[in-house]
Amino acid sequence: MRFVFKTDYNQDIRILKHSGYWWSYGALLAVLVAAPFLLGSYLQSQLVFVFIYAIVGVALMILTGFTGQASLGHAAFLAIGAYTAGFLQQLGVPFIVYFPVAAVLTGLVGALVGFPALRLQGIYLVIATIAFAFIVEEVLARWESVTHGNEGMRVRTLDLVGMPVPRDSAAFYFLCLLVLVGVVVLALNLLRSPTGRAFVAIRDSETAGKSMGIDLAAYKVKSFAISAAITGMAGVLFAHKMTFISPEMFTLLLSIEFIMVIIIGGAFGVHGAILGAIFMVMVDPFLTALKDDVPVLAANVASSFGMAQDAATHLQEKLSKIGSAAGLKGAIYGLIIMMFILFEPYGLYGRWLKVKLFFQLFPLYKRATFKRQKTYVKSERNR
Amino acid sequence: MSFFTVDGISLQFGGLKAVDNVSFSVAKGEIFTIIGPNGAGKTSIFNLISRLYNPTAGKLFFGDQDITEVPPHQIAKLGIARTFQNIELFENATMLANLLVGRHCHATTQLWQEMLFLPSVRHAERAHRRKVEEVIEFLDLQAYRDKLIAGLPYGVRKVIEMARALCSEPKLILLDEPSSGLNVEETDDMSFWIRDIRSELGITVLMVEHDMTLVNRVSDRVLALNYGKVLASGTPSEVQAHPDVIAAYLGA
Amino acid sequence: MLDFIQQLVSGIALGCVYGLIALGFVLIYKATEVVNFAQGDLMMLGGFFVFTFIGLMGLDYWLGFLFAVCGMAVFGMATERILVRPILGYPQFSIVMATIGLGYFLRSIAGMIWGTDDLRIETPFSAGVLKIGDLVLAHDKLSVIVATVILCSVLYAFFNYTRMGTAMRATSENMLAAYYMGIPVKRVVSLIWAISAAVAACAGVLLAPITFIHSNVGLVLGLKAFPAAVLGGFGSIPGALVGGLIIGIIESLAGFYLPQGWKDIAPYIVLLVVLVVRPHGLFGPSMRKKV
Amino acid sequence: MRLSIFKAALLGAAVGLATLPALAQTKVTNQGVTTTEIVLGTHQDLSGPIKVWGVPVLNGMQLGVDEVNGKGGINGRKLRLIAEDSQYDPKKAVLASQKMVEKDKVFAMVGPMGSPTVLASQDVLFDAGVPQLFPLTAAEFTFKFDPAKPQERLKFNNLLPYVESTRAGLKYMVEWKKPKAVCIMYQDDEYGKNVFDGFTQQLDAMKMKAASVTTYKRGASDFSAQAAKMKSDGCDMVLMGTVIRETIGLMAEAKKIGFAPVWLGATPVNVLEIPALGKELVEGLYAIAGFVIPYRDTSTGAVKAWCEAYFKKFGIEPNSQAVIGYNVIMTFAYFAELAGKDLTGQKLLDALESGKEYKDIFDSPPTKFSKTNHLATTITQVQEVKNGRWVLVKGGLGF
């Protein structure tokens, strides 16, 4: 266990609390920087989607995790960012202009959504954001002069001050990584400032926050605006990654995926957003890989245990037939989510903290430290 | 003009008069206590003062300023802080973070500066922290600095809530039943702290309290309420001797 | 004018469909504060159950109906036992996620078991039409209206006038206190899920002639019923019915009188307006935290 | 409209060939071809919103692969089909395409499903030089190509495009039935939009006006408002840019309120499920079609054998989705065979563009491509539901 001897207030203000963090995050960053040179475009693409989802995850973390305002409308913010980029690019506006413009515009829309949200809580807020998202989807489908309606919009290759950045290039990967790192730093900065603390205060007790001098309306709107603006940035990257956007890509199901990012990651830290994004993006390729590799592996294992070659091949065919049964992937996906929540209601980051504590306390860790306690529903109706 | 004045204030929920034409004033540096049986409207008065409720009639004055129309989040900035009967701390944050929220009304930094964490923000943060450390020192809370509220015992939370109110450097502090749920020792400590708040920090105290020993020990003046109406006011012994108060408490 | 009345009647029929599904949402929320995102998928499963009993096994319609409802009640209870009970009391959104996962699972599994084709069953309500003057109301929709009204009244009476109903309301107010008062909380929650799944099954069976039976039927209808439940005030049984009716009528009238596209968003616009005015829906209790 | 596109494409091709000879060279992959096998890839929606298409299409493709391999493969090479479930999610389609190109080293992407999924993922294929053959979307971007971008030459489509087929079918029906008020109801997505475009273009060409335009969202189940609106607008012919349930739902609703126009469905309506599910409701429904749907009990010859084989393998009746999937593989097999023993990407491309015709067993219009035209056919039919079966009304339609 590490003891940190504090001698300076700055130690509590710093993002990285002690030198160990420098090493571990430095190493992580080094790996991420090296990745595109080592990986093929398939894995690199997965990472790019992880980055984009993580950016949205951080945005949602600010709104839902820190401020306690649930939203199932973030696909709409992503859409606004994406369409702003697509539209402005067609007008010949350069990336360095439309990227911030998309963020600001989405932020303004977010603030607009924030106002009616002031009086709403819990499930009522969720449904209001869903309603907002449906309206945005319809506007995208109808406003054909700007969005090309349901035909969808082709998005040209990103042009960074004269340098083309194709969507599968290392440069695009680094751009997404850079935005993610920037957004994470921004979120952490907020969190150690009065604004971030005001967000958390609103989440935990609106009444106390109010009497401590926090203007609930202003901070809720701020939280919505910041969250939307960050999602708008992700939208720009998303548009360029997909090279094609259409209204039906930004549905409630996408919003649900985003909320899952933070729930599965653990809704109480920026780490959670990133872990959740990794999970949400990677689970599908992972299932695909399982489907491809398990039969081969099983056949190899079987034959090494003395199974006849014919039988082993037969086994492999059998297994791969089961694996590629239509719809199996969707079912397993649902099952994974259920199992996950059942066994780790506090998300991946919660699990990570437990593992970390286990090693820190080793060998003193008691099995019962995180034993499930009897829980009862505490009403969240009247807050 | 006195330090803090409540002038004929009333509060009505539907047909129920929770507060009925209550007037009193608190002098600077005083410890003023409101007593009364359950449902007498004590907490409602606090909620009116911190502007969580809008009065149906009457006015509130803080010094010369009419604060009847001031929005709730600006009350803290004027120098009125409060605690809550059932503790309203930010459960999933550390004590330090809770106390820093108490500094919120003194925040000067802009959102964009905070996003970039400019040196000015760092400077302001350090200043806030220094102030918070003073309060931690004052109330002897060093042991809990980095602890999550959710895991702390009730008695400690009561003190932390008081600390959070003190962090906003108030001129007037409203304490809503500071001793409720505390054992005898903790109540003793509480009475010392309340007196220290007044004598060392020079903060005027307005409190709601049930525990008459605590009331007797610390209060300069007492106001007794029942059914939203003022029964009596004066020194603790005067009020306790008042026949209406005795009747109200004995239920006669 | 006839057009208007005809649209109103269609809207009421449609609204009852939403109300019926919304009822399932409301019941579970009322008791456990869980928003069951798989409610539409429970309805879908009810449809497949009845198809299995009537279409494949050749049972009589009413018998198949009964079996499907009972089967779904058991399924609901099992879901509660396996999926919900272990995580009750954890952050609500986690439980909501679990039900979303359940939805994915059920949709895919249904596709794997019953195939991807749309299925139909013959019902006594499939074809007939009720005519009042020039006004037309199909029997299939009439059956939904009648069933919704009956179910709403029965459940309302159950909650308000029976011992078990009172126990359920107590549980929904404060689970811990209810437990201390000797209410078998676990059994109550189990029962609620059973009732809710049974209601979903009713919806699935009655809608089968209108929407056909397929694995995605619950997703879309569930999404429409959800705002209905919220509009009425989540947790209020009459609210579910009224919310459903409002959404149904608006959708019908907007589809007829407004340009294309409005039909689908008009209910949401109305929902937003209502929520701005009444943040807890039409019948939702507006509670305030005591400090 | 269509002509002008092709004229432009032709012109562009001519200009491109004349001025940029170096650019016109298309990079084509040779991966995925060994002495014993050819690896093909496809992504389908197997558990998402349009799995009702994805699953039977994949079945049909597998049947095709079995048949080709049963006959000893293509010039001795067996086919191996890699199928991934995209769940109709463009992101998953992109990842699946990259995986198939990179890990499975597919030689060609055959019959990928859906417009947004194909559009988002096609550049992955073109960058790697993998041909995108016969995607299951009838949208323009799957066959129209810019000669200045040589990689776009890798697109080939053999499905009847919605715009063109709608125009041809509508033209025939309007000339035949002479309706006074033509209306449309279409699905609010890319498919419906294409049908709507065909509708407006053809009405414009025939100097007519739409009497009523209504839409619905995918998955909708209530069409009372639309039916009532079209009835009150006096429609006597309704074009439906619908799929299965919506077609039946709308017709059922109309019947109840005594609204009986001439019904005409776009190509996706021409599927077995409609008469099977709609029964007597859909009697007399016309639909625009590409080929005659085979029925297991009444078909003869090769089609009969195919139907039986399908039923035997999957235990369900074959449908038009399965035919489309099967044809994807068989069309590939034909052109790959044509490309010769030493199959390479370039040779496949040459074979495809050779102008040779592939004729399937279902009597569809022949599949034929050229250097400038990568759309196999626009010849359209109109069919009608009679006694619960689709029967041909008129074939060989154009506009």
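Per-chain numbering from 1; labels A, B, C and D assigned in written order.
The rule we apply is simple: a residue touches a chain if its C-beta (ideal position, glycine included) is under 8 Å from a C-beta of that chain, and two chains touch if they have at least 3 such contacts.
Computed from a prediction, not measured in an experiment: that's the story for all the values here.
Enquirer: Return the chain label for which the distance between chain Cα mean and whole-protein Cα mean is smallest.
Expert: Of all chains shown, the one whose C-alpha centre lies nearest the global C-alpha mean is A.
Enquirer: Quick one: which chain's Cα centre is the longest way from chain B's?
Expert: D
Enquirer: Two chains share more C-beta contact pairs than any other pair here; which two are they?
Expert: Answer by contact count: the chains A-C.
Enquirer: Taking each chain's centre as the mean position of its Cα atoms, how many Å separate chain C from chain D?
Expert: So the centre of chain C lies 37 Å away from the centre of chain D.
Enquirer: Averaged over CA atoms, how far is the centre of chain B from the centre of chain D? Could you give it in whole Å?
Expert: 73
Enquirer: Could you give the separation in Å between the centres of chain B and chain C, each centre being the mean of its C-alpha atoms?
Expert: Inter-chain centre distance comes to 47 Å.
Enquirer: What residues in chain A touch two or more of the other chains?
Expert: Residues 141, 207, 326-331.
Enquirer: Can you list the residues of chain B that touch 2 or more other chains?
Expert: 52, 84, 88
Enquirer: What parts of chain D, by residue number, touch at least two of the other chains?
Expert: Answer for chain D, listing residues that touch two or more other chains: 47, 51, 54-55, 188, 218.
Enquirer: Considering the complex alone, what residue numbers of chain C touch chain D?
Expert: Listed in rising order, the residues are 3, 6-7, 10, 13-14, 17, 107-108, 111, 115-120, 129, 136, 138, 207, 210-212, 214-217, 219-221, 251-256, 260-261, 263-264.
Enquirer: Which chain A residues qualify as touching chain D in the complex?
Expert: By the definition above, chain A touches chain D via 40-42, 45-46, 49, 141, 149-152, 154, 166-168, 241-244, 246, 248-249, 284-285, 288, 292, 324, 326-331.
Enquirer: Give every residue of chain C touching chain A within the complex, in rising order.
Expert: Of all residues in chain C, those touching chain A are 29, 32-33, 35, 83, 86-95, 97-98, 100-109, 111-112, 116, 173-176, 179, 223, 226-227, 230, 234-235, 261, 264-265, 268-269, 271-272, 275-276, 279-281, 284-285, 287-289, 291.
Enquirer: With touch defined as at the start, can you tell me which chain D residues reach chain C in the complex?
Expert: Touch list, chain D to chain C: 47, 49, 51-52, 54-56, 188, 213-222, 224-226, 228-229, 232, 244-245, 248-249, 256-258, 273, 277, 316.
Enquirer: Touching residues of chain A toward chain C in the complex: what are they?
Expert: Listed in rising order, the residues of chain A that touch chain C are 64, 70, 116, 119-124, 126-128, 130-132, 134-135, 138, 141-142, 207, 252, 256, 259-260, 263-264, 267, 325-331, 333-338, 340-342, 345-347, 375-383.
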